[in-house]
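Common to both upcoming complexes is subunit A, partnered first by subunit B, then by subunit C.
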Partner chain A sequence: MRWGEIIRRLVLVPPTLFGVAVIVFVLLRVVPGDPIAMMIPPGASEADIARLRALYGLDQPILQQFSTWLGQVASGDFGKSISVHQGVLELLLERLPATIELALLATLIAVVLGVLTALAGILLRGRRAEWAVDGGIGVLLAIPDFLWALILLLVFGVLLPWLPISGRVDPQIDVHLHSNFYLLESLLTGRFAIAFALLHHMILPALALALPFAALVARILKASLTEAEDQDYAQIARARGYSRPDILLHEVLPNALIPTVALGGVQVTLLLGGTVLVERIFSYEGIGNMAIDAVINRDFPLIQGLVLTFAVLFIALNLAIDLIVTVLDPRLRHG
Partner chain B sequence: MADLALSSPVVRQSRLLAALQRGGARLWVGAAVVALLVLVAVLAPVLAPHDALEQDLMSAQLPPSWIVGGDHAYLLGTDSLGRCVLSRLIYSARTAVMVALVAATLAALIGVALGLFAGSFGGWVDQAISRLIDVWMAFPPVLLSIVLAAVIGAGLTSVIAAIVVVDWTRFARVVRAETMVQLTRDYAAAARVIGLSRAKLLRLEILPNLVPLLATLLAVEMGIAILVEVILSFVGISVSGDTPTWGSMIAEGRQIVYQAPWIMALPIGCIITSVIGFNLLGDGLRLALDPVQRS
Partner chain C sequence: MSSLSRRSILQLAGGAAALPFASALPGTGAAHAAASGTLTIAYNVNLPSFDPTIGVSAVNPTIQSIYQSVFDPYIGQAADLSFKPGLLTKWGWNEDRSKIILELRKDATWHDGSPVTPEDVVWSLTRAADLKGGNPIQFVWSKVGNYKIDGNTITGDVLEFEPTLFKWMAFLTGYILPKAYYEKVGAEGFEKAPIGSGPYKVDAFERNAFLRLKAHPGYWGGKPAFETVVFKFITDPTSRVAEMESGGSDLTFEIPYEEFDRLKAKPGLAGQTKPVSDIAMIFITDIDPMLDRNVRLAAHHAIDKKAIVDRLLKGYGVPISTLEAPGYAAFDPSIKVSYDPELAKSLLAKSGYSPEKPVKFTIQTTRGFKPKDYEMIQAIVGMWRKVGIDANIEIYEIAKHFELRARHALAPAAFYNWGNAIGDPSTSTGFAMFGPSPHCAWKGKDLVERIGPLWGEKDEAKRIAGYKAVDKYITEEGEVIPLFQYVQPIIHKKGLKVVSQSNGMILPQLITPA
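After this line comes the complex of A and B, so read on.
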């Protein structure tokens, strides 16, 4: 039954993406701002402007533009960016790895931090210190990622000038890697100096994205740990003389993980959406930062490509989480 | 007899008191912070020591007055154009409060209406609205509001419109699910049996039961609206350039963060206080109004 649900969701992916494409396209076409007006030098002739409009297909009726664009996208051609004068797909492939690496690092930090906090909270259950853990989680949750980004930038970038506050890597470092997955590639090929420089730049933005997410993981996991620990099997294990940390780690945690992945997983999309602003704040060269520039420059083809990319990532993440939950939960596996 | 006793003013008052007690410190602190914010916004012309736009290039980037080099005329210092930071913070509260109240209320109205429709009609109406929500949720909200604000153009109305268009789904999803749950309850069935029309059933029976949930969502949404406005003005596509906003102050402060970190730090403090205030108010209202905890 659960698998049927996942197949149903897969079937719904193309119409959802189509809906996203229609909305972005129509939205951009009713814009008062004109992308051509932004790229022409002052004093260009009417004929030049008309020629440019024709070059980017902006002189066609909207429906015509849409069907042309859709046909091109279907064959892997996302058009050419108006403001950067590069292929949109090329730009996406160049910048997307930076965002994916940042999001992965943030997720890793969040999971480790969240699980440790939840375990600490549960070990302190019933004591005064549990309040402190809950209060800390509440504060972390109330402040969104971009505010953490600004706070971290101020504290660890300016007041205590320990870490760099802009860019993906120091400009004087010669990266020279084959892929755009700088961090993964430098780690895998053992070039740790580069990896260290990259991490040095990524740690603040990643931490900003991770903190609210870690709090969320901690809150859900702590609640399900509390519930699981009160179940009969945990009580029986206790009665048979197993130590509490032993029971927590081996009996309770595996069961408590299922709701955590299910509920927390949905929020990974929030973390991904948060990269837009956090990348901007730290001048990190990912697709989020590029998206804001694209909007400001009214770069239609680039905005369309970026929004579709984000939509695909969002939908894929949601599906992946559902699959993981199905695999983790024996009740659903055999359902 | 029991009915009579319940409607007497004494019992009503004690109910109100009990609700306030259940809300606890969260309700009080939250309400106080929000009230203070609204008060500052309303009284901005009285409270601000300077004109928020008045430039004084001779005294640019002054630190707060208690730090060496500070000037007593500028309590929280000045920005790079010599404008009074305190006055700009105070005037920014106006935009924040305006956006919070109007955008959150409009988003709630649209979301509640669509949620009630989807939850009570079911069938193709529910399918259509649910698919619409699915498509909406496939957008990253921050990016969507940035695109929208850019599309509609600068100005307070465009910021509010962007927030409403992005955030109505928060209300619609919750109200749809809750309406479905409430409709299966005995009281709803009973109301149908005595011949209440669908519109009356929704208005008289279902909607009042959604109030605790809605009050909480609304308070939280007001906090979110403030954050979205900050984001838009940080990126530079919110209200026009000469209206001070916390977001634009942060963006300006980011440029000179090494020379004058307080310019960025102060609006961040205001935002965090406001958002936590709205969240506490939401939490407190949930505790105070929850019918389950009332019994």
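After this line comes the complex of A and C, so read on.
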């Protein structure tokens, strides 16, 4: 990808976000469920209801509500949550790091597992054991992340109670960190007891998110490796007497990684979507868990903020993946 | 700030590798009992906000257990819904009911050690009554004003008589907050570091994860048994069950009845149930075909409530005939609606309906919002079909229910649950059946005329008798279908003594080692 392409993609970001904003804003007001109806106290009169509606600006025409909100967002004010009584931006900044850390850990686990499985599969190519690898990949792919979450919760929380199954950190531990990137900060500042406690809590939700992703990485990478291994350059290397593992690691893998990164990158965005249910199941305090509460409470400002945040994350991730693919693929780098 | 050295990375890598094994060792894993002196509760909802007097969470009954751990209500409530001294030791009206008189206890302190003063009480009441303050029950608190303080006695002028005023002082938004502290830190500062006068003070809070409380040493009611209480916010019932099985929590509630029966049979765990002030009901909307009294009554008589409770809820429910459950102030055991499918058939026949030529309408229900809600409605529709009612089930989210109810746009029949933690008839029959109420589905003038005069009735005995008469009338006319009173299942570790509350609250201050 050239600089011109990057600039073109960046220029498209504001209209994309505007489109997302329009869709979420209109959808929220069209689908059933009125936040005011949910907070009407017993005995409230029509005047009380009207006052509540005015308090949250919901008495204005949709267009006016939208322009007011958009103006606020442009100035960095995402409004105030109806259910939590706090600024939406403040809430997002508080919870987003937890989700990012979980997604990063899940991605790391998925990549390591996926690459190792693909390499194992290719090394066993043509043997019966390859079927077992392919079958394992199929099973991992067939089960969605939220179901993995329940399976892991029952196995490692109940049957073999080795790992905690709720929260981000043990309630008995005083975290006292400066940022909300607990894991990163505790690692960087050498507070390993906290880092261990965090990893202890993150391992199951991260694994639930990682397993289907790992299977996808393994399947794409194994197919790419198979194709690359049959290419002339691999055959020539073999003729020169290089060992198969050497060829796989140094010649075949770098070329096979390009389609894996491109397709696997898309999966990272899906993984972020998966955090919603997985965070809920493990009572993990990220934005996914918060999104469910926001929807249940019809907390319009918070839902709007969350959707925009997810949109920004998706766009940034896609851009980052394209850049990585460009770096990996000299054909793209040099046009 | 220490830097990340090669050695520390190696330590971390080694530690990470050993993590699953280390956690399996006795005493180190989450699977083992909570630390001594700590009570861990797997709680079913998140805590959105700390201010118990404003916004949506203030009127969410399921959060009140947490609020009542940190804040004191004006008036306390016993396990059987009766009222007892809280921060107020005396309360009442003067003879002509033109004034209220409150007496504040002298030994109460805020969590920062400062005394709870009559000024705090007046400020809290005045703030609650402020139209711009955001208190959802403002319409109650605004009926008293012009407070005067004399020692520890507070008097206020009754601006409009509200018979349930003191009952509200034990429930939603009825909390005393610290005037001086709140004014010093402001609303946002209070959210970040709230203080109350309750048995526990806030020690740590991780939104959507947990709330850690420490015992308030100066609590007027005596120091609670547990030094530390942790509310883990685990909203998914399956996860709460797993949390109990893993040993990560000491107590949980609001779990499926099948799981309750399974867990209570496990070694180390005990279960207890208690009927709570929450009922299942079917709203009848006064639109065609529910304008036909025969159809309404037939729909009620055709439902075998006991069978529903026994078969779907494993016996955990109490069939009821009116919106007043046993224990409520206006409960009248003489009002009964029999399960009589033959009577239902004959009533429908009078209106020209039969199983071959059924009356048709839609019934709305949630699915999974309450235990077995959809299955229950399926069973009811099956019972109706046998007598000549062909009901179509429409599933909706609870948010849609609220919206439709507020717009008087519910289907002819709509399943819902109604809580009434203070047990007063105005907060059950009153708000659910009085036409002008936004929560009412039956808007008929008949009930407006009957309930209207009871709102301001100063003679308590006459008011309660009036509601009993209204309940009898509603039953005879079939204007609502009460189904059963919910039973709350509580699972806890053996070795704990838990006092179940009829209002459904789980109060850590009432939990002690057995």
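Operating definition for what follows: the second predicted complex is superposed on the first by the 315 of 335 C-alpha atoms of A that agree within 3 Å, B and C clash if a C-alpha of one lies under 4 Å from a C-alpha of the other, contacts with A are read in each partner's own complex, and residues count from 1 in each chain.
Convention: contacts are C-beta pairs under 8 Å (C-beta built on N, C-alpha and C of every residue); 3 or more make two chains touch, one makes a residue touch a chain.
These numbers come from a predicted model, not from an experiment.
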| item | value |
| --- | --- |
| Clash-or-fit label for the pair subunit B, subunit C on subunit A | clash |
| Which superposed partner A:64 touches (first subunit B, second subunit C, both, neither) | neither |
| First (subunit B), second (subunit C), both or neither touched by A:243 | neither |
| Which superposed partner A:179 touches (first subunit B, second subunit C, both, neither) | neither |
| Contacts of A:143 with subunit B and subunit C, given as first, second, both or neither | first |
| First, second, both or neither for A:12, with subunit B first and subunit C second | first |
| Subunit B versus subunit C as contact partner of A:27, first or second or both or neither | first |
| Touching partner for A:296 - first (subunit B), second (subunit C), both, neither | both |
| First, second, both or neither for A:285, with subunit B first and subunit C second | second |
| Partner chain in contact with A:231 - subunit B first, subunit C second, else both or neither | neither |
| Between subunit B and subunit C, more extensive residue contact with subunit A | C |
| Single subunit C stretch clashing with subunit B - from 187-195, 295-303, 367-375 or 403-411 | 367-375 |
| Intersection of the subunit A residues that touch subunit B with those that touch subunit C | 32-33, 150, 153-154, 157-158, 165, 280-281, 292, 296, 298 |
| Footprint of subunit A on subunit B - complex, ascending | 131, 134-135, 137-143, 146-148, 150-151, 153, 227, 231, 234-237, 250, 254, 257-258, 261, 264-265, 268, 271-272, 275-276, 279 |
| Touching residues (chain side subunit A, partner subunit C) in the complex | 32-34, 36-46, 48-49, 51, 55, 82-86, 91, 94-95, 150, 153-154, 157-158, 160-172, 174, 187-190, 192, 195-196, 199-200, 203, 280-285, 289-290, 292-293, 296-298 |
| Residues of subunit C defined as touching subunit A within the complex | 1-4, 8, 11-12, 15-16, 19-20, 23-24, 29-31, 35, 38, 40, 42, 46, 48-49, 51, 54-57, 59, 131, 134, 136-140, 172, 187-188, 191, 204, 206-210, 212, 230, 232-236, 238-239, 242-243, 245-248, 396-400, 402-407, 427, 430-431, 436-439 |
| Touching residues on subunit A, where the partner in the complex is subunit B | 12, 15-17, 19-20, 23-24, 27-28, 30-33, 139, 142-144, 146-147, 150-151, 153-154, 157-159, 165, 269, 272-274, 276-277, 280-281, 288, 291-292, 295-296, 298, 303, 306-307, 310-311, 314-315 |
